[in-house]
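One structure is given below, encoded as structure tokens.
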Amino acid sequence: MVDRTVVYDYISRVEGQGSLVVTISNGKVKDAKLEIFEAPRFFEAFLRGRKALELPELTSRICGICPIAHVITAAKAVENALEISLDERTIALRKALALSGIMQSHALHIYFLAAPDFLGYPSAIAASKDLLDVVKRGFRLKMIANMVSEYIGGRAVHPVTLTVGGFTKSPPVEKLDETIKSLDSSLKDAFETITLVSGFKYPEFESDHINIALSNKGEYAITEGVAKTSSGEYFDSRDYRKHVSEEQVPYSNTKRSIFNGGGPFEVGPVARFNLNYDLLCDAAKEAAEKSGIRPPVKNPFKSTIVRAIEIIQAIEEMRSILKEGVNVPPPRKPKLRQGMGTALTEAPRGLLYHSYVLDREGNVSKADIVTPTAHNSWRIERDIYELVPLVTHLDDNSLRSLLGMLVRAYDPCISCSVHAFTVRLIRE
Amino acid sequence: MSTGFENPYVPAFAKVVEIKDENPITKTFKLKMVNGEALRFRPGQFDIISYFGVGESAFSISSSPEEKDVFENTVRKVGRVTTALFNVKPGDMLGVRGPYGKPWPLEKVVGNDLIIIAGGMGLAPLRPVIHYIAKHRDLYGAVDILYGARTPGDMIYTYEFESWKNIPNTRLYLTVDYVPPNTKWEHDVGVVTELLRYVKPRMRYTSVFVCGPEIMMKFTAQLLLRMGFFPSEVFLSLERRMKCGIGKCGHCQIGYKYVCKDGPVFNLEEIGLLPDVIE
Amino acid sequence: MVLVHLEESLLEVLKYAELKYFRMVSDDDLPNEPLDVAVVEGAVTNEEEAIMIKKIRRMSKFLVAAGACAVTGGLNAIKNISPEGEVESTVYSSPEHVRSGKAFGLNEYVNVDAYLYGCPIDRRELINTLMSLVMRVPPYIPGLTVCMECKMNGNECVFLTRGELCLGPVTVGGCSALCPSNGVACEGCRGVLKGTNPKGLELAWTNAEISPDLIRLKLRKYSDVYQVPAR
Amino acid sequence: MFIKEDARYWKLEMSFVLKREELPHFSKHIVSKGYSLFAPVKKEGRSAFKKIGEDHVDEISLDYIRTTMPPLKALLIPPKETLLRIKDGRIEEVLPNPADKIAIMGVHPCDVNAMSLLERVYTDRPEDPYFKARRNSLLIIALNCKSADEYCFCTSFGTGPSLDEGFDLLLTDLDEGFLVEVGSRKGAELVGDFYMPKALSTDLMEKDETIRRAKGMIRKHVNTAGIQRIMTGALYNPIWNELAGKCTGCGACNMVCPTCFCFNVVDEIELDSGSVLRSRTWDGCLLWEYAEVALGGNFRRDLSARIRQFVNHKMNYWLNQYGALGCVGCGRCIEQCPARIDITNVVARLRGELL
């Protein structure tokens, strides 16, 4: 028996289109479905038959928010398949590029997607009428992140210089000082962001899931390393499929990822923070202290704070990488051959997996791409099951906006969920 | 006007004094130079109007050359600059450069009969000619004005037709391609060249001024030659893309001629040899 | 989304225009009043999207297709050339649940008044376009090729010096030849410029003894070069 | 009367030898005189003109045949140049500062001659003040060619491989160093306080020999005899259609040609200052938009008509317009054409010299 149906199509302020349908029966969630509305992109299919060397550029177009992560992951997977190793500077510069991508995405999320929820505005544009300084600060942070991406990658979105084997062009030395100076100047904005997000009122809610993030010796891992789980396991990208499987859910264009033996799991800033806290730089740790959060963070809403901390980490690390010099050797022309290559890296929203099988001419015969949003999707649904019974007193509107906030806390990037994702509330 | 003697790209400011609606997509702008100087031009010359932030476009100066302190441009809305001009109100400021180009050879044809053939907007550069003739009527022989447009509603300067007919020894023939239902029309229907049957030219002593869409000029020119007019006495005013008006940007070249410097008025003898003239 | 990449410039532009509906940053619903300008991103890949774009078209006086996907279908359109259903079944085990047809640019379904080319679109062009619209004139993107901009930047041609297949000769310029200037061949993300001759380019590649396979892949990327250009 | 021997003597008086290893010092000397110095440097095997800072004089390499970009055109009419800035009813001319002195070193004869052609266009009344200002502050140190490649055909127009006028200083690469000849007062001033030994008559002989050798390397040729008549007669030749099948329509030839001078003008709004910038950018007749008018009209709709315009402008119309053919035989359009269209070949075929 259906007593009320509330439809909330199109979750706004997530990148892409999606919907959430929650059926509530007797104060309990009977069913929660994260649906994807935006047409999936079928990247994996049309990648077949394309050239391996095209992969970074092609996969970059999976998403306009985190193209950098796709470029890097695709390049790494191909390098693995072709057994190409990189020199240290190239690896470092790649990390700096990845960090700039994370900073871009986090600044966007904090100021334009999340902050309006906490400040009570429908959008950042609306907020800019009263809080111009705050909005401008968000733009500034994003702009500086873009600047670094452009500096290293040739373009802020869909970078062009990163290629299989390295960079087609070293960043221009003439602009190095200017770039480092901008980063220096953004640190102040980053700390003010910490103050801002620490002041937000977060809903009381905790949930516990397995966390998975990349881990590497001696660094806050982003582009290099192996997957580490909160259950203490480690696995290499080659063994990814042994640990994570997928099933298609009938209502969605996304596939749901399952951690073998463990069910739903979480990836993203919180997972990285929880698993790699010790490896954060001093400034980031100081920021964590200031905002009063420490691992393990279990309240998904507080991911906003973790993002702010990661911005500081990103700035610090980009600075030190750039300071060590930006000249990298030109890539050697790779020898194409048969093989299989995989890679795992940390995209802004968490673990990203690419895997390719190449034929003898170096053409792609099979592609497998799993995005952070796909990794998180089941976890988000589970959270809803847990959250709703705690807040049955809320009316439809408030409940919808709370659920919207929860989904947004994972910053699901629907446009890009390769196997990709409105809050529809059905009360029975 | 001596603006920009040093820098020919710098427009002078002109104030819009009056805007007349000619038809739904054509307006005539009366402009006055802000520096108080007159725009000294000869019939057939053009100026380049700037709408700052959008760009510049060339327009024939369509007012009487005798009028000293104001001048007019008639503009048909077809693209960016012209759309911007349609948003302009009296009192607004525009940029003006010019005048540029070779005028109609009014001195050279003194004593001759004149046939003026215009299609649509092509009447704009010929209106100063008509005003000039009215002022200096004794300099020329018989004058026939043949004007065609797509429909009666597409005609411009209709409010002046009566006064043109009253110029001594001058006739005005009108035609349209098509008369929409419920429209009053007591003149010809058909293409403008058909109006030529009304004129009895003394070939040797007749000069023809033609301006209109390129395709209309093509057919008119062919017919005039067949009728026995002298190529050197048939003058056309051409239109080409223009970005500078002073022979630098290259766009208006037809063969070795620049429309902005060597034209826009050419006689058929000159044009006959050039490629890419008629689409 | 491109609007977000404008950062502070967005606020400047908004001094002149009011943003009515921007799904990504706001909770507002698609308004029911007529819009002056709609900037639409993304390809149309299914029935619902086709209905949506037709609705937006009816509501708005001026429609801008922004980005490769909205202009030509973008990379998504690569799959248009494989048989229906094949693509879907490669990715999903039960393809009947997937709602997607082929990917097309907006002009397949509605009249588009202006285009913003590229993946991603160019920031300067977006600002120019918005400012033109604020002044109530149609926007303008100069009709030059990537190749010309590449020369203006003083680059060496990647095709002539390294034999790499570059779509610069037939691609709408305006990106400052970004890729070739970074040592990478142009992939044609901005689509084919009117008046250029892709057949000539294909011939040039064939004459340079490039494998037909490579040529085929190159000519069908962001847009099928033999399709009528959007511009 | 000026007899040949006198000329030779005078030439010797004003000729010097710059030792190869002195080139960086001389370059520094030029910079120290307040010039911004542009010279060719090697980049991935190709040479390109770059602004040379005092610390980079060692990078200058005068051993090159052709740069992709025509150096003088790029300096005198930059690819994109703001002409006017308009704000609050005021128009500001963005003219180059006449005090900015520029020196360019190592330009080959064809390029210097191409600049003289550009000068005819841009100083034809009314003068272009932007071009003019830059030209006035430009010092040209030309470089005779010591070698040529399969694309060069300057000898067809007398525009190379050596230069007789149009320079401030002229270098010729000799065995031991560079012969430096003075062509103007500005040039004389520059060498006046930099010590260089006077040239010997043997040096001049070596120069002649170098040039003779360079000439010998030139294999392409355009027969210019009666060329206008032939070109005009061929306006409706089917060759234009045939070329249109091969040409990509990319406009690279327009960009790299040192005598192509066409430009487009655009207004843009600068958001933060609220001013309007009116700029010009290089344009070319190979483009569809070049001859497009309102409502989609186009006077060169077919690529064949556009190619015909390019070739005829160089080999025909220029002569009527500015009294000289518009090609200097630099070979750039041939080298940079992805479709391998060769202007010399086109002319030869129209003359019936080639099938």
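Think of it as A, B, C and D in the order they're written, each chain with its own count starting at 1.
Here, a contact is a pair of C-beta atoms (placed from the backbone, for glycine too) under 8 Å apart; a residue touches a chain by one contact, two chains touch by 3 or more.
On a predicted model such as this, the values are computed, not experimentally measured, just so you know.
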| item | value |
| --- | --- |
| Core chain by centroid distance, with centroids computed from Cα atoms only | C |
| Rounded Å distance, chain A centre to chain C centre (Cα mean) | 25 |
| Centre-of-Cα separation between chain D and chain C, whole angstrom | 37 |
| Chain B-chain C separation of Cα centroids, rounded to whole Å | 41 |
| Multi-chain contact sites of chain A, meaning residues that touch two or more partners | none |
| Residues of chain D engaged with two or more neighbouring chains | 264, 266, 269, 283, 292 |
| Multi-partner residues of chain B (each touching 2 or more other chains) | 53-55, 79 |
| All chain pairs that touch each other | A-C, B-C, B-D, C-D |
| Sites on chain B touched by chain D in the complex | 5-11, 13, 52-56, 78-79, 82, 93, 95, 214, 239-241, 243-244, 246-251, 253-256, 258, 273, 275-277, 279 |
| Interfacial residue positions of chain C with respect to chain D in the complex | 9, 12-13, 124, 127-128, 131, 140, 142-145, 147-148, 150-157, 159-161, 168-170, 193-201, 203-204, 207 |
| Of all residues in chain D, those that touch chain B in their complex | 83-84, 86, 89, 91, 93, 95, 121-122, 124, 126-129, 232, 235, 261-267, 269, 276, 278, 280, 283, 285, 290-295, 297-301, 305, 308-309, 312-313, 316-321 |
| In the complex with chain C, residue positions of chain D that touch it | 43-44, 46, 48, 68-69, 74, 79-80, 244-252, 254-256, 264, 266, 268-269, 271-272, 281-284, 287-289, 292, 303, 306, 335-336, 338-340 |
| Chain C - residues contacting chain A, complex | 1-2, 4-5, 7-8, 10-11, 14, 19, 22-28, 42-43, 45-46, 48-49, 74-76, 78-79, 82, 86-88, 90-94, 97-100, 103, 119-120, 178-179, 181-184, 187, 214, 217 |
